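Below you'll find the structures, each written out as structure tokens.
In what comes next, chain A is part of two complexes: it sits with chain B in the first one and with chain C in the second one.
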Partner chain A sequence: MDKALQDDFPIDWEQDGFVSRREFFKFMTLASGGLAIGSVGLAAWSSALRGERRFEPIRIARLDEVPTGTALGFGYPRPSDLCILVHHKDGTLSAFSRRCTHLSCPVDYQAQTERLFCPCHNGAFSSKDGSVLQGPPPAPLPRVLIENRDGELWAVGVVH
Partner chain B sequence: MALLLFNLVLILLQLWLFVSVLEGMLHGKTAMALPAALASVGLCLVNVWMLRGLSRG
Partner chain C sequence: MSERQFYIDPSRCIGCNACVAACAECDTHRGVSMIHLETIQRGDSVQTAPVICMHCDEPACAAVCPADAIKRTPDGVVQSSLKPRCIGCTNCVFACPFGVPKYDAAIDQMMKCDMCYDRTSIGKKPMCATVCPSRALMYGTPEEIAAQRHGTPINEFIFGGRTIRTKVNLMVPQGTKRLEVNPGTMIRKSDLLNQARVR
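The block that comes next holds the complex of A and B.
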């Protein structure tokens, strides 16, 4: 090879793709920064998901259309988001998402035991507060906030 | 070489934290997201500190 050319380009062809330890360390530190940013992003996302979220209120039914000891299905905040309103025997009302927190099967109200039962894997939730009573569900059911406006029941928000 | 291996261990730890948090979130558990994020940032700072030391040396 020409001597002048070799002086101008001292790196051999075989060494062209060589990565020094320092360069590799820099790359790995960059990856570490990326993972740290990703983790912070996940934390921000999780805090956005938690807590109370208000949506456009929708009318569910009149109170007298839901006798005590029964339940009524509705969609909130979108019609495809299945929810269930329970009118307890003591006269109180509560509403939850119908999607089981295990694998999203719809839960059904069981009046005798006053619980919301998922037939897919025998999961059960309290119909009072949505907490897990049995089975594989890892988290309580999201609660739907309801308001009684002159005898009409309205859904106004969701609490995760 | 030892620093490089330590760097790799810290990144694997960050990766494990990230995947654990993501898996937990998909199962509705969000409690560990913030502590894991703080730990991940701390590990990243250790890596940056080691890189600075390497660049000076």
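The block that comes next holds the complex of A and C.
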């Protein structure tokens, strides 16, 4: 018997990769069931990350180091997690993650219009509450909770 | 003790059909008998011979199957065709030198003797060997055969110059090494009679 033919269509049962109809449908059912359960699990896991989360407090700066109408960049909760602190003209303070929710470009504070502007795709957020004012960003900026401790500003948590 | 093997001794067959009936009881093909009980030369003799699958080393039935439906298990037993694959072409029926495979038109599938795989794979005897009253079909060790029989078991057959080795043994007169089957050399009593008449 032709060797190539024998290799492709072996006579011995063990070398034959026979998959029965039942085995095939069993695999397909289990695989699609696993994918469905996995998607539900992923959705549950990502929604569990929503809301307020507290991290180790970090000192940002003294209040008098940030004049009104300016902003200061800092890292929270890790030094590499870019954030921005805004001292509004009315004297209030707010802080946000600096990563645009569209494609993670860092946003800049624009004092004239009181907004956080992303130069990559002309996205803009309100510097008061982080909500989307224009452009492609799909969600508001995560807000960083700050505390004024005797004239020193501390970051204490993040609200998604 | 050696592994048990299958021995066919046609000279002992009395044509009782017990094996044919027992075969139909086998669970792998319930109700359908896979044994051919052949009459050798009905006009001249009452001799019969049971034909079961010889389970060749190079099964011709599997080699000619275009649907890749006939498989051999690791213990050397050639199985019936796989139902999802068999296309009922009967190539195997024509290819087998022993004439074993049977085409069942009702289910459009080839079925053949699988040495009662449900039984022999767990150490039991095949159905036919358990019922044969003259032990023309015997499932036992080579030692048992050597002690009880005068003949020699062979498992080498030559069909038209092609050597075929089988798992099942055939009992032949003592001293015979192999069986060579050539149509021209076959000697039948009727042929001899015809030759005598011509002369």
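Basically, the second predicted complex is superposed on the first by the 137 of 160 C-alpha atoms of A that agree within 3 Å, B and C clash if a C-alpha of one lies under 4 Å from a C-alpha of the other, contacts with A are read in each partner's own complex, and residues count from 1 in each chain.
Keep in mind that, in the parts below, a contact is a pair of C-beta atoms (placed from the backbone, for glycine too) under 8 Å apart; a residue touches a chain by one contact, two chains touch by 3 or more.
Treat the numbers as computed from the prediction; the structure is a model and nothing was measured.
> Any idea whether chain B or chain C touches more of chain A?
Counting residues of chain A touched by each partner, the higher count goes to B.
> In the overlaid three-chain picture, which partner chain does A:R21 touch, first (chain B) or second (chain C), both, or neither?
Touch partners of A:R21: chain B and chain C.
> Contact-wise, after the overlay, does A:T101 reach chain B, chain C, both or neither (first, second, both, neither)?
first
> Just to be sure I read the superposition right, which of the two partners does A:F9 touch: chain B = first, chain C = second, or both, or neither?
Only chain C is touched by A:F9; chain B is not.
> Tell me the contact category for A:S46 with respect to chain B and chain C: first, second, both or neither.
first
> Both chain B and chain C touch chain A; at which residues?
Dual-contact residues (chain A): 21.
> Help me check something: in the complex, which residues belonging to chain A touch chain B?
Against chain B, chain A makes touches at 21-22, 24-26, 28-29, 31-33, 35-36, 38-40, 42-43, 45-47, 49-50, 101, 138-139.
> In the complex formed with chain A, which residues of chain C make contact?
58-59, 62-63, 68, 70-74, 79, 82, 84
> Over in the complex, which chain A residues touch chain C? Could you list them?
Contact set of chain A toward chain C: 1, 9, 11-14, 16, 18, 20-21.
> Which of the residues in chain B end up touching chain A in this complex?
Chain B reaches chain A through residues 1, 3-4, 7-8, 10-11, 14-15, 17-18, 21-22, 25, 27-30, 33-34, 36-37, 40-41, 43-44, 47-48, 50-51, 54-55.
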